[in-house]
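Shared between the two complexes below is subunit A, which has subunit B as its partner in the first and subunit C in the second.
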Partner chain A sequence: MPSWAEFQPYIVTGLALGGLYALSGVGLVVLYRATGVLNLAFGAVGAMGAFIAYSMIQAGDPGWIAWITCIVFAGVVTLGYGMLFGPALAGRGPLVQSISTLGLALVLFGVIDLAWPTTGGQSPSISFPTDNGGFSVGQLTVNWTQVIALALGVVITVGTGAFLRYSKLGTAMRAMANDREITATLGVPVRRVEAAAWLGCGLLAGIAGIMLADLSALDDTTLTFTVVISSLAAALIGRLRSITVTFAAALVIGLVHDLITPITQISNYQDMTPFVLAAIALLVMSRTQVMTRSREEG
Partner chain B sequence: MIDTDATGRKAAPAGSRARPIDNRALIRAGVIAVLLLLAIFALPPLMSGYYTDTMTQVAIYSIVTLGLGLLVGRVGLYSLGQLAVLMIGAWVGARLLFATSQPYILVLIEAGLVTMIIGSLITLPALRLRGLYLALITLMLAGGVIVVAATLNFPNGGGGFSGYNGALLHIPAIRRPSYAGTDPAFYRFCVIVAIVMFLLVFVHLRTKPGRSWAAIKQSEPAALAAGINTTVYKMWALALSAFVTGVAGALLAGADRELFSIDFPIQNSISLLAVVLMGGAFSLAGAVIAAFLQAFLPALLQIWGVPNDWLIILFGIGVMQVLATAPGGIADQFPKDMKRLYGLISRLWRRPPVSRPEAVPASGGDRP
Partner chain C sequence: MNRSVHWRTRSAAAVLAAVAIGVVAGCSSSSSSSSSSSAPASSAASSGAAASSSAPAASSSSAAAGTVSTSSCGTKPGVAATGTPINLGAIDTKQPGTDFSDIENMTGAYFACVNANGGINGHPIKYFPVTEQTNPSQIASLAKQLVTSDHVVGMVGNSSIIECSVDAAYWKSVGIDVLGAGIDPECYSTPNTASVNMGPRYSSDGAVQYVLAQGANKIAFDQSNVPGTAYIAAGPDAVAKAKGASIQDFTENVPITSANAIATKLVTAAGPSGAVVLNFTPPEALLILQAAQKLNLEDRVKYWACSTPCNTDFLATSLGPKWNGKLFVNAELLPLDGNTSATAQLFDAILKQYGSDVSGGVGSFSEMGFTLGEIATHALESITGPYTIASVSAALEAVKDYNTGMLCQGYTYGTYPEHIPNNMDFTVTPDNGKFVQASTGGACTLISASDPQIAAYRAVAGTAPLAG
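Moving on, here comes the complex of A and B:
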């Protein structure tokens, strides 16, 4: 067993990763509650945005333009998908709607692989100016990017909670989460609210994509699948409902994932963390399950 | 009563079912038998080594898509982890083939059974949950198993539990049955195993489990109220699907002769579901079409020099299109489209006499 000092740096990286998973998980939960769609293309959209940003930086564009492009791209693509396929699949149940987003994920994954082929040698990467600055706590050095990642997770979670609680649009989203039909009869512009939810989810996907490209790796498989799986696990533990639980679960997943790194016996299996944690959570939660004929049924 | 495909159900009026269906079923069985005989006897001498390998893959993957189609189309369980199940089957098969000198068929059955047990245990937590949760937990399962496989590696003739020896210079090939050592012979062997697996699933669909699955698919609470033990039958479907997929995995071990974890990328887990939906999850023919999409198209693209990524893009578009407009997939849609085309052509042919030809049936999308 490694000593405590060996674990310490991984607390920092784990919390940063957890913050981004939290941000992603919140994005997934909000969209799911508002539209009934679990956006499984979340990671792929962010990955493509990050690759575009990488190319722009390579071409000499200033960094901040590239980052904004990434976020806007993710927002626009997600919104476009929502506008195109949301109405076509409405009423087909969350399962079919969510599986359909996998189609978008496959398309983007293929395009990324075509446009940015994995060649031997140096792999593409993105770095922020905040990577270099930082401060130290004891022997630990923390760079600003990690601080930003965790802070973003907290801010987005709190902000989304407040938004859902106090704003008019947020109230409409909560109403739609309860009953879409009744909400529509009350005069809420359902389509527009859904569009807002798609856009919001896409923007968060862009933020998560560009941040993870820096903190983790700019790699299409990692960004597309690992991110989605980790944040999905967090969202699942939050029962696709509670953004507070999702936030906490995401931090735990990020922490456990990184804290395993120094334990050499099991460090190879660290990517199983989300699956194991979510499986345990589901096992415990399913004990109190009540079967109802609700909309959640596929 | 479960029909093999949706078209048959729609075409026959409710009253006069007995005789015409009998005839049609006979004709269909005859056509299938002839096609299978052609596939077993006529095809191998005609194919080059490359296509023999490809068609072997098609035969094996038709078992995989059969298992997944069973879950998706018949029970309504969307599994994204079928690739993981296949990997487990391939791993167990390869390990047993290296460790023992049992007959190949026995290994196939054992690999199927072990995969069945492992697959059932892993999906147990998700079983009591509704559809979406199962899909998600299986996606995570796929991610997890791929991690394990990358660490454990596939057996290559080494010792110990994992059977992997990284220092091995000469990697022995995974053995094949003595009567199916050559590529064409192994292809025939795979086709025959696939036929047996299809029959196994077909028998299930035509008996009590099939009826129970149909009820569960319509509505789980209603099935429960009708006295169907939904947990047992869902478990049964998962177990059967894992069994056939495990058998396919063990076949894959013999077909590839050496296995690597990079042969099972995680995106294949999703593209498997995509091809099953595109091929048609509601029919057995759809499973064969899906296998061609999954295993034959990449081989074709490789000859043409087209990057495989185009196929992934195509599958992505295909799955969105199928879900949005044609839930029955190609197996359901293609005959309809042909009928439409025929209607169109025949309308052109005899335009003058008829004032208004009967309406052409609209294409799919009528499933709620």
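Moving on, here comes the complex of A and C:
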């Protein structure tokens, strides 16, 4: 078993990853609450945005323009999908609505494979200037990109919480989450609220995509699926409702995933982290619920 | 009632989410496995390594730049071969994320050149290159189809993740000797298959022995978590043990999702006087190296090293000057950039005139395909009677110390129970966006016989001399 000192570096890398899973999870939860759709294309949209940013940087465009393009692309594609297919699928069940986003994910995944094929062993990558700066805490080295990743997770979670609680649009989203039909009869512009949720989710997908391209890998499989798996697990632990619990769960998933790295006996199973944690959390929560109900009935 | 409906909806959503996680995870793992295979060893040898007295290119270099044309492919320049064809086949992996078909495509280009310039004693080579998707039953049926339907008399250009293990017994049963670019252990440990490349194990041996020779006393060896990792790690383990150095083996699931954590782990394991040795495809190796750079870990160990796949200028360019003289990569094939040897010129000429199917252009795969074409042509030209499975296999087995101009040492097929004909490498290091031969200890060096497989091979086949 590694010593505490050997575990310490993985706290930094795990928190950075967890921060990005958190902002992704928050994006998924907000969209789900507003529209009832689990956006399984979250990772693919961000991945494609990141690849576009990579091509722009390779073509000589300034990095910041490329990063913004990635975020805007993800926002526009997600909004476009929501506006085009959202109304048509609104009457269908959550299964149909969510699986249709998986269709978008697979289309984008295929487009990425076609447009950025892996040949000759070349591999695209994105680096931020913040990779080259940072600070040390004892033996630990922390770069600014890692700090930004965690900070983004915190800021997005706090900001989204405040937005949902205090803004008119946020209140409308919460109302729709409780009862869509009653909210509509009260005069809330449902389409506009849904559009805002799709756009917000897309922008977060873009941010997550470009950040993970640097912190993890500019790889379509990794960005398309890993992000979705980890952030969905976090959202699931938050019962697709609580962004605070989603945030905490995402951090724990990122932390546990990386803290397993030095334990060689189980490190090859670290990709199971989101599944295991989600399963444990759901079991505990359902047990608590059963016990509460038993008490109420008793 | 309303509460109950809400609960049911939420439960349905939770179940859906769980199913969705499973679905995307399934897609992920499937894709991972498809992209996790390591390349058949040598990667783009397009390096700027100057042709020094020790580089394999130099010894074969004699022609002035631009004087070699495709007419030198055959014995009758400009005369198309019209005799009865000699049927040869090849099976390469081609699937999303893993495409080795440039090897057979370049071999095909070489044969097209031969056919246009007299062929093999007037006989054209009819080439049947096929591709597979790592499906054992598909691979087995392709092999049988090539023999029974296409009537091939030899297999030249095989490069597949699992073909050697699937078909080794079949090739032996029909008497075909395969000439390919190997990956799995059976490509090196069976009597009917010989490769032009070293494969991941012996290339990793070369990387480990280089850093040990430079003074590293501890090795952290990391590779993709794919079938055969224990077999590959056994080589570096033996090489390190023979030198009295400690070695710790790691495997990683690919695609890598947490490169920062992996880089940290490897640096911690190797320590300040040790070395990290990677055996990954270029994209995965680059992820780890870039993560180390971002975390300022590159100087926390004495050296970094890689098996051959890292030998691509793209990797050197992506890493930048921090890695000059810090990263050392095992290299197996002739560096082509700026090289004016006759072999390099012929390679360029064939690629231009006949290589329209070679999608990757200049690179390790096309170099391997070229070398395979060279060796096969050399063997076929020695046949005086009919071209049958028996005569073609006998001709291949008779190839001894043949100077391909692409390898450190002469190429020998022979009649051995195992085949590791390429067991001498050189070492390159990045130099401002290019790979150049390492100034210290980078010359052609025999892979250590501390690896029991190498020792066993040399015991039966001896040691091939330096090429040229």
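Throughout what follows, the second predicted complex is superposed on the first by the 285 of 298 C-alpha atoms of A that agree within 3 Å, B and C clash if a C-alpha of one lies under 4 Å from a C-alpha of the other, contacts with A are read in each partner's own complex, and residues count from 1 in each chain.
In this text, contacts are C-beta pairs under 8 Å (C-beta built on N, C-alpha and C of every residue); 3 or more make two chains touch, one makes a residue touch a chain.
Keep in mind the model is a prediction, meaning the values are calculated, not measured.
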Touching partner for A:96 - first (subunit B), second (subunit C), both, neither
first
First, second, both or neither for A:282, with subunit B first and subunit C second
both
Between subunit B (first) and subunit C (second), which does A:226 come into contact with in this model arrangement: first, second, both, or neither?
both
Report for A:111: first if it touches subunit B alone, second if subunit C alone, otherwise both or neither.
first
For A:69, using the defined touch cut-off, is the partner it touches subunit B, subunit C, both, or neither? Pick first, second, both or neither.
neither
With both complexes superposed on chain A, which partner does A:236 reach: first (subunit B), second (subunit C), both or neither?
both
Considering only touches as defined above, state whether A:6 meets subunit B (first), subunit C (second), both or neither.
second
Between subunit B and subunit C, whom does A:88 touch in the aligned arrangement: first, second, both, or neither?
first
Residues of subunit A at both interfaces, subunit B in one complex, subunit C in the other
38, 40, 93-95, 98-99, 102, 105, 113, 221, 224-226, 229, 232-233, 236, 240, 268, 271, 274-275, 278, 282
Which stretch or stretches of subunit A touch subunit B in the complex?
38, 40, 85, 88-89, 91-96, 98-100, 102-111, 113-114, 221, 224-226, 229, 232-233, 236, 240, 268-269, 271-272, 274-276, 278-279, 282-283, 286, 289, 291-293, 296-298
Subunit C-touching residues of subunit A, taken from the complex the two chains share:
6, 9-10, 13-14, 16-17, 32, 36, 38, 40, 93-95, 98-99, 102, 105, 113, 118-123, 125, 127, 131-132, 134, 141, 143, 145-146, 215-217, 219, 221-222, 224-226, 228-229, 232-233, 235-236, 239-241, 257-258, 261-262, 264, 267-268, 270-271, 274-275, 278, 282
The answer for subunit C against subunit A in the complex is residues 9-10, 12-14, 16-18, 20-21, 23-25, 27-28, 31-32, 35, 39, 43-44, 96-97, 99, 225, 250-253, 255-262, 264-265, 268, 281-284, 286-287, 290, 293-297, 309, 312, 314-315, 318, 359-361, 363-365
Which residues, counting only subunit B, touch subunit A once they are in their complex?
76, 78, 80, 125-126, 128-133, 135-137, 139-141, 143-144, 147-148, 150-151, 219-221, 224, 265-267, 270-271, 273-274, 277, 307, 309-313, 315-320, 323-325, 368
